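Next come two complexes built around subunit A: one with subunit B, the other with subunit C.
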Partner chain A sequence: MTLKNVLAVALGIFAAIGGFVDIGDLVFDTQAGATFGFQLLWVVVVGVVGIIVYSEMCGRVSAVSERPVFDLVRERAGFGAGLSTLIASEFVNLMTCAAEVGGVALCLKLLSGLPYRLLIPLGVLGLVVTCWVLPFRWIERVFGYLGLGLLVFVVAAIKLHPDWGQVAHGFVPGSHSGGSLLVYLYFVVGILGTAMGPYEVYFYSSGVVEDHWSLKDLGLNKVTAIIGYALGGTLAIALIIVAAVLFLPSGISPQFLGTPALAAEHSVGQVGLLLALVGMLFAVGGAAIETSFAGAYSLAQFFGWKWGKKERPAAASRFTLSWLVIFALAFLVVMSGYDPVKLTEYSVIFSVVALPLTYLPILLVANDRAYMGESVNGKLANFLGGLYFAVIVAIAIAAIPLMLLTNGGQG
Partner chain B sequence: MARKHGLTLAEIEDWKEKFLLGAENAFRSKHLDEEALRDEQIKRLEPPPRGRRSSAPSHGRWGVSARLVVALVLGAVVLFGAGCGGGGSLGVKALSQEAKSLQSLAAEGALLAQDVAAGKTTRVYARVHSSDLSTAASQSEALLKAAETTPTLEPKRNQLAVLAARVHVDLERLGGASTEEERTIGRELQAAAQESQKISEELK
Partner chain C sequence: MSKVTEVDIALSILDHQLVDSDGQNCGKGDDLEISGLDGDSPEVVAMLVGGNAWRSRGRLGRLAARLSGNAVHVPWTEVDSVTSVVTLKRPATELRLNRGDEHWASIVGKLPGS
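Now for the complex of A and B:
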């Protein structure tokens, strides 16, 4: 693979590091491992395959049409349904962005020891300046590759010497032990929700247009989606394993963003701790950028404004103002005192409810031969797309009742 | 369905009602006890004052997706509100959860203390993370001291409150302790985690 290709895959790595391993994953995966051991590993695989299927599909749609997904949502679903999808996605984006901004401040606090309330404005300012100054490709590269510090969790998982037979058993869905069925199902929904968050596909498809991908890049789209999200999935699996080996036997139920870093510290030492904290900072910061951009992309594409990082801020003023406002609102939410970890749990569950509104138009357009020509969904893509859509509808219906019945996974 | 499982329709209706009341109560910032819930139910069943018109919801032109979005937003607002509540009375389940939570804080503190003593961590991380854990233990201590419970559960509540205070103080000391103290704190926290686990199991 040439350097050019390595850099080209940055979109997938950025989307996966920021989208797959954001604050939601850091919270849900470690809690799942600490509660059910290896038993939920199979859910990560299901989620990874799902997000690969849909990201590849929406990347292909955007590359063929040179138009992003939200543009097509409005065209396909009509104004009313499109507006509903827009409101739901903006709401979920804002909640997620607030959680990620809080996560950035928490990571900075763990690294610097400065007060949390001082670090919230500093963190937001840093993110805004980064988005303003850096071109899209460099945002992808900086956050994607520095987020790879999280690979220390893979090293930690290996160094903790898990029972690999038990780990392998966790990849097979089956009966569970260690908690009630409802709590188990709540974590299934949560892990799938963090894996298949709606902002990931909005961001990914807009990124395809920002990176000027066309028909000749369909192969790169496939490779990017597979490598990026498989990497994200590997990190999620590593988080579950370290939590299962280190936290479950001691009865530790992770409630803080600093807890996953403790696992890296315990097995790799100071260097491991620093790599974990830096990786978490860039993964969570990347997710904050993705959510604010995804919100601005959706708004601009729905109303037909000029959009994109490729444009000068003044040329795409309403798009620029949109992501600035999303950061500002997220800042206000976090400053009002909401615990980012709690906010994350809510944002993941509510994003699950909004999933069908996001994924149905993608499936419909990717399946439309008149629109996609030769690049229309094949039999496998259609089968997997349909299957995952059924899964998405099922978890969307179950998400809120499960959250209420299990008191947010506490049983 | 009822006949198949040897139940009466009234029993199923009663379960349904209890489930809905429970869910509604869970949304409140301050959960009502059983008596208050019963009073509220009686009030609801009383006939409305004369002249008041029925306020049955009318969906009109709203589409399904629009209603879904509104429900999503309202649900989140209510849940955020619910998250702000606290205090009240502690039953067996809540006390057991508090014991588990305390076990978790103490065990995590013990692991951190072990790493601090072994020189595996940075000073900043140890200070910040132990302070976060200590704050959570102090909140647990305040809740346990303020909450009411039944006379039979009172000794357990007291035990847990004392444990929470110990965990809080130990974690507070961890930030600036010498290596020998760090080891002692680690052992104390480990013991507190085991005691909390024992109380949690006794409450089952």
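Now for the complex of A and C:
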């Protein structure tokens, strides 16, 4: 790979670090590990393959047709169903963005010791200024590569010397112990939901258009999706292992965002703590940017506005105002005192409900030869696409009942 | 359009992206004005973009239409080509499209570096 390609893969790394490993993973993966040990590791693999399949598909569709996902949602679903999807996804985007903004403030608090409520406005201001000043490519690179501090969790997972036989066993789905079946299923839905969140594909497909990818970049698209999300999956697996080794035996239920960082300190020391917090800050901050932009992309693409960081902010004024307003609303939600961890759980579960209407248009257009020409879906993409669509529909139906029945995983 | 092409108007125009002669996005084909529906050869006369063009698009569309202004009529003679997008022959401003961006630019334009 040339240096140019290493930098180009930044979109995938960013999408993976900010999109795959965000506050949803920090919350769900650590809780899953602390409750069920290694038994839910297989779900991460299922989620990673799913997001690779659909990201590759929507990256390919966007590179070939230059039409990002929400364009297609409107086109294929029509005005009414498209508008319903838009409203649902904006609601989820806002809730997720608020959770991530709260996470940024919490990370800043752990790094600086300053009061949380002071750090919320500072954090939002920092994110807005960054988005305003930096071009799209540099946002990708800065947040993508600094988010790699999270790799310390992989080191921590290895240094904790887990029983690797048990770990391997966790990659095989089967019977479970340590909690009720409903709670187990709730975590299955939660881990899949945070792995395959709809804002990731809204952002990724728009990023493909922002980065001017075309037919010749289809190879890069495939590599980016696979490397990026496999990396995200590795981090998610490491989080589960760390939580399983450290928290499960002592009965700790991690209710705070800082808990995984303490685990890194336990096994790697002060440097580990610092790396974990910086990695978390940039992963969660990157996800805050992705969600606010995903919201603005979706709005603009539904109504046909000019959009993108490539435009001057005033030339695409409705798009610019959209992401600014989403940050402002997220700020108000967090300032009103909602617990970011609780907010995360709700946002992940509700995003699962919005998944089918996001993924179906991608699958349909990827099969449309009039759009895709030679780059139309092959047999493997269609087999996996269809299989995962069935999975998505099943978890979309199960998500809210499971949340209510288990009282949000509390049993 | 200069030459006759067969186009499924529901699939290829309605809800598709409009792009002006400068390559800028300028709205969606929200509704179509069709004449001669009672005769043998119905014809698309114009595209309706934004505002109350949504009123024919279901319950949510009626609600959205009530909250917004008049639609812009783009005569079919202004359409250059229909591919995955509908390309127009002139810049958006000449067709009174994208006025929303002009409106809000008065606020966003005041920010430094915009």
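One rule holds in what follows: the second predicted complex is superposed on the first by the 411 of 411 C-alpha atoms of A that agree within 3 Å, B and C clash if a C-alpha of one lies under 4 Å from a C-alpha of the other, contacts with A are read in each partner's own complex, and residues count from 1 in each chain.
The rule is simple: a residue touches a chain if its C-beta (ideal position, glycine included) is under 8 Å from a C-beta of that chain, and two chains touch if they have at least 3 such contacts.
All values derive from a computational prediction rather than experimental measurement.
Contacts of A:Y338 after superposition on the shared chain: subunit B is touched, whereas subunit C is not.
Of the two partner chains placed around the shared chain by superposition, subunit B is the only one that A:Q270 touches, whereas subunit C remains out of contact. When the two complexes are overlaid on their common chain A, residue A:R67 makes contact with subunit C while staying clear of subunit B.
Looking at the shared chain after the overlay, A:L321 reaches subunit C, while subunit B stays out of its contact range. More residues of subunit A are touched by B (comparison of subunit B with subunit C).
In the superposition on chain A, contact of A:F383 is made with neither subunit B nor subunit C. Of the two partner chains placed by superposition, A:W164 touches none, neither subunit B nor subunit C. Applying the stated contact rule after C-alpha superposition, one finds that A:A354 touches subunit B and leaves subunit C untouched. Touch criterion met: A:S84 reaches subunit B and subunit C at once. Applying the stated contact rule after C-alpha superposition, one finds that A:W138 touches neither subunit B nor subunit C.
Overlap of the subunit B and subunit C interfaces on subunit A comprises residues 80, 83-84. Of all residues in subunit A, only 65-67, 71, 74-75, 78-80, 82-84, 132-133, 300, 302-307, 312-318, 320-321, 371 touch subunit C in the complex they form.
By the touch rule above, subunit C contacts subunit A in their complex via residues 14-18, 24-28, 30, 49-50, 54, 57-61, 64, 84-85, 98, 100-105, 107-109, 111, 113-114. Across the complex, subunit A meets subunit B through its residues 80-81, 83-85, 87-88, 91, 95, 109-113, 246-247, 250-253, 255-256, 258-259, 261-262, 265-266, 269-270, 273-274, 277, 338, 342, 346, 350, 353-354, 357, 400, 403-404, 407, 410-411. Residues 23, 26, 63, 65-66, 68-69, 72-73, 75-76, 79-80, 83, 97, 100-101, 103-104, 107-108, 110-112, 114-115, 119-122, 124-125, 127-129, 132-133, 136, 193, 197 of subunit B are the ones touching subunit A in the complex.
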